[in-house]
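Labels run A, B, C and D following the written order; every chain starts at residue 1.
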Amino acid sequence: MRIAISTGGGDCPGLNAVIRGAVRTAVAKYGWSVFGIEDGLQGLLRPEPLRPLTPASVRGILPRGGTILGTTNRGNPFGVASGELGQEDIPGKMIARLEAEGIDAVIFVGGDGTQTIAQRFRERGLKVVGVPKTIDNDLDATDYTFGFDTAVGIAMEAVDRLHTTAESHDRVMVLEVMGRHAGWIALHAGISGGAHVILLPEIPYSFDAVLAKIRERQRNGLSFSVVVVSEGAYPAGEAPSFRSHPGKSTNARLGGAAEQLVERIERETDFEARATVLGHIQRGGSPSHFDRLLGTRFGYHAVELAAAQKFGRMVCLRGTEIGDVDLLDAMGQNKQVDPHGQICSAARAIGICLGD
Amino acid sequence: MRIAISTGGGDCPGLNAVIRGAVRTAVAKYGWSVFGIEDGLQGLLRPEPLRPLTPASVRGILPRGGTILGTTNRGNPFGVASGELGQEDIPGKMIARLEAEGIDAVIFVGGDGTQTIAQRFRERGLKVVGVPKTIDNDLDATDYTFGFDTAVGIAMEAVDRLHTTAESHDRVMVLEVMGRHAGWIALHAGISGGAHVILLPEIPYSFDAVLAKIRERQRNGLSFSVVVVSEGAYPAGEAPSFRSHPGKSTNARLGGAAEQLVERIERETDFEARATVLGHIQRGGSPSHFDRLLGTRFGYHAVELAAAQKFGRMVCLRGTEIGDVDLLDAMGQNKQVDPHGQICSAARAIGICLGD
Amino acid sequence: MRIAISTGGGDCPGLNAVIRGAVRTAVAKYGWSVFGIEDGLQGLLRPEPLRPLTPASVRGILPRGGTILGTTNRGNPFGVASGELGQEDIPGKMIARLEAEGIDAVIFVGGDGTQTIAQRFRERGLKVVGVPKTIDNDLDATDYTFGFDTAVGIAMEAVDRLHTTAESHDRVMVLEVMGRHAGWIALHAGISGGAHVILLPEIPYSFDAVLAKIRERQRNGLSFSVVVVSEGAYPAGEAPSFRSHPGKSTNARLGGAAEQLVERIERETDFEARATVLGHIQRGGSPSHFDRLLGTRFGYHAVELAAAQKFGRMVCLRGTEIGDVDLLDAMGQNKQVDPHGQICSAARAIGICLGD
Amino acid sequence: MRIAISTGGGDCPGLNAVIRGAVRTAVAKYGWSVFGIEDGLQGLLRPEPLRPLTPASVRGILPRGGTILGTTNRGNPFGVASGELGQEDIPGKMIARLEAEGIDAVIFVGGDGTQTIAQRFRERGLKVVGVPKTIDNDLDATDYTFGFDTAVGIAMEAVDRLHTTAESHDRVMVLEVMGRHAGWIALHAGISGGAHVILLPEIPYSFDAVLAKIRERQRNGLSFSVVVVSEGAYPAGEAPSFRSHPGKSTNARLGGAAEQLVERIERETDFEARATVLGHIQRGGSPSHFDRLLGTRFGYHAVELAAAQKFGRMVCLRGTEIGDVDLLDAMGQNKQVDPHGQICSAARAIGICLGD
């Protein structure tokens, strides 16, 4: 059998673990040939041969962030928005290329957009297997995906660091972390870092509630506070603060949520406030052990699905076990923080202000 | 309501998160009083008053390892092995002390031994809630406990470091990690660190199989190997290598498993081999975000169980949700690595030697 | 003898090491009494007693960032700019307070501003000893101060992380680090992180030179670049980009240098560019071993100077030895990066663009 | 010009930075050709061609530990001890090979042994430049070498971790770190980690003094202690505890110094004591920013020496500047901890027991 692997969407620590796990399983256990498609699916449209992936070529990539195959946020082959791809039947060209290369099946590693593309290819007859990837942890079909754990770890370390400077200077330190539509990173990093206020896209916040918390602390002799805010958090009654950057990918403008809050605190109170925006640091660098193991297991199971001819499915984590779901059941099922779920209830019980 | 908290057994990153989560929930949400019992249960036998725990007294402990209450491996109040406690009715004295202090319920944070003690107290009428703690991850009643994630992270970083020195010197580097009866730390750290051989207590190993792997790598031009071994791993046909130290707690002798392997490699082959024994470093220091959040949630849910008068139960993690089980169902249910489970199958598929 | 310690200016990892080193030396070696002045010198104007510092009260602070004494950027007692302090003879009040408390000498831990204040107090008869503190490493009187090493470590880790995401996405990643007037952090973090372009306040940059480097890399098949920029870096012919925030301390506005560069790259080229601004994360958190040891040694030597009645001097590091200089020789002697010094020459030789 | 690079002796974080710095300087600034000699000097005796080193081939190695050229502790070409090399004129063969390859000069990166070999080659007419490497920091000719900073950082983190477990369990935790003849790592990691006892090869220790310190702490209510011990530390009146392993390299036996101390504490007192032996973890893994920058600068300056035809010299660090010394002045000048120097005096003043 000959299979190909593609990584799409934003990069994520653990992608290389998936590639390595799939390649080693396919080659060592099944004796298959594996090929990498470069830069999302763009590599299928280029004249260069697909990249052969062997145990030797994936050696040493486990601890490395990013993806050795490259990725891109641009260019949905099925999309009308894809100006660069024009009116041609791009998916058809891609399928033809795969057939010409003798590829039997493709493993699509990516988020909701990528899995939707995988499903569209499936509808046109391609044998596909999905591996979920979302650093924001917002896919409902799986308990966790790789990358999220690493991102939370980086964000929590930043919260730890801000504590000491906040306390030394009696300041309100605001840390903006990733999460446009789901506040998982802010929630996990905020609780584990000991933040006093956590603001999420799922709970439009009351500025008065935030101020009340900061002032309650001040009355208790704690004249500093640490706030963790998702990039997609916004005040109740207003629109989300992040903006797209026309013609480029959409996360060109960071920091809006944090700056909005800092400016208002400084304008309306006597507190000194400072914003820090972690940005891309959260998705780079060496993956945590959790993400390396999960990525490895996902890669292994994706190949097992192919070996069992179970196509059109996406691997997922449920508890401690890897399972799989139909791509149709995985698509578009976003997982947001439940404002009244267990974790938010625990956060409020221990005195964290969630903006409501 | 007045509740007390005790931490028992070996220390574990995340214990302070449990204490803080429980105290803040009990005080802020329910207005209860909380007291800490120092050094396991020893504090109940001393004349000093129990230690009042307030939001102020747990401030700043979230990122700190260990337990502010102290702990001990000695002294099961129900045990005949407990020479220092003698023939008296120690549990009765402890219950009397708790009654004298007006304590309504006790949260026991600890491993299998501690939960068994909690159950014995329950049988004598004490209202108890259990919080599981095992750095080895060997409790069947919960998917994970706090401390394990931190330990695996430390162990994986050590594996990462050994790779470069192994490769530069063409050596076999052997890392011994915790795990006398369960190999979870070795398995997770070994896979995520890219080890070539992983030896677990659950799979008595064949030295020939280990050598075969090292030599297969050499034939492929890779004249170095990294081996991760649980302290409780041992060759098939022999007894486990770790030994107790009479009169002191039982982990006085580390390094047996690694040294045994290194000596044999050096004696029977031309390879240079070196042992590293992580020891107590694995259980000290600041907890990972996973362990801080899980500890916080466990502390919160333990208080919620008490508030709901659901005594005799232990909190647990199932998937992403916290639940609870009867102490009777939690006791003695050890969780070992399944040699034919998903993770071991993935490990073998990607070419890792598990000693069999 | 009775001495007091004050920490002034921005917080810095290692301040607690200085306090601990001074307190333990003064108490254990000399049997003195030590007192802490809170929030810079503000504590001298408050009715509360000075804070007694003992070996017990400094226990456990070595690994902690910030300063247990608090600090402030506001309020030079000699300054006309100090609106909140008014027309009174504030320094005289402070000296009177110190006399009333029986304080024989004061250790001033702080940057250029703080040392200037120490010198002014010296001129009014106070016995003073200085300990230099500047996270930017811009004091000429000492090879290094504590805090700088920790900041460079944090910044370098961020550069490491940006590499993988830059490479996966073919982007220009721009990291802004601290340094308004001196580019040491950018220079050290940039070289050690493997940045391709490093922009410093000392070398006003040519945008064309930056673009030329990015395009040279692209021609070599490397369609990504990592740029490290000091907050005080600016294009040749323009003014520095950072702006003060009136009425608050001056670093309210971060990110200007990075944003300016990113906007221009995106406007004038086809490259995707992204800015990350580390901000206060660089000065918080646990100090590196270098900063803990240097802070400890500075604290020890400051007390030794007092014991030897060598007042009016500031401790400093020269090579591996601690020495001391007259405060008059230390003040206002800023140390900037020499554009033609050894490090810049090495940077250019290995192919790094310094903007010129 | 055509130059070669060799890395000898134990591996050390920063070796790749030296190689990269030298290669990029030689190629980009001077247009030379550079070749790597593999596995110390062994590559000169093998039929394979020398390894061409180009900017492309050193790409990405800066953050990686170890050395891409490999190294070995075996085989001094001038040594009678070198059983494997026999009676031939090995150095002559090596020089002939270098001439045959057209190599004009060789950069020797290594410790005292390697620099002595470089000097011997120099005496036979080879143009040589030395770059010092010693993770133990025991070369007198330079303030610091790369690798030491990384090792101290790893050791200090271990000390930090042992604190929490020591305190939770009321134990004496003993950490053994590298340093057979010089105690720099123990001294720096011990002070920066807040150890209570530090034992060095330079100060044969009194067990009674160690016990006195532990008991003094106990009397102050601190029933735990952290001890950092160099592998070469030993009791006064006895011989050093580490032993060589015949026929293999000499560091086969670690842990002797720690075990000796732990056994005696457990035998003669009621304290529980535990040993941890860091071993090879200290020399593996990604280098610190200090070591990456210093390695880069050493590599650059080594090429500058060659370009200036200043052969027979070794680069060194003095304060913040790179200089160079004659190899004859560098050889055999070991730098040990001065028991009465500044750092030991500071350690004693803040209450650390140095065993005397």
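Rule of thumb we're sticking to: contacts are C-beta pairs under 8 Å (C-beta built on N, C-alpha and C of every residue); 3 or more make two chains touch, one makes a residue touch a chain.
Predicted model, so just to flag it, every value in this text is computed and none were measured.
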Farthest chain from chain B, going by mean C-alpha coordinates, please. C
Using mean CA coordinates as chain centres, what's the gap between chain A and chain D in Å? 41
Report the inter-centroid distance (CA atoms only) between chain C and chain D in whole Å. 30
If you average the Cα atoms of chain A and of chain C to get two centres, how far apart are those centres in Å? 35
Return the residues of chain A touching two or more other chains; collapse runs of consecutive numbers into ranges. 160
Where do chains touch, given as pairs? A-B, A-C, B-D, C-D
Would you mind writing out the residues of chain B in touch with chain A in their complex? 20-21, 24-25, 28-29, 55, 62-63, 143-144, 149, 152-153, 156, 160, 188-189, 191-194, 286, 288-290, 292-293, 296-297, 300-301, 303, 318-322, 342-343, 345-346, 349-351
In the complex, chain A touches chain C at residues 10-11, 13, 15, 39, 64-67, 70-73, 154, 157-158, 160-170, 173, 245, 248-249, 251-252, 254-255, 266, 272, 274-281, 283-285
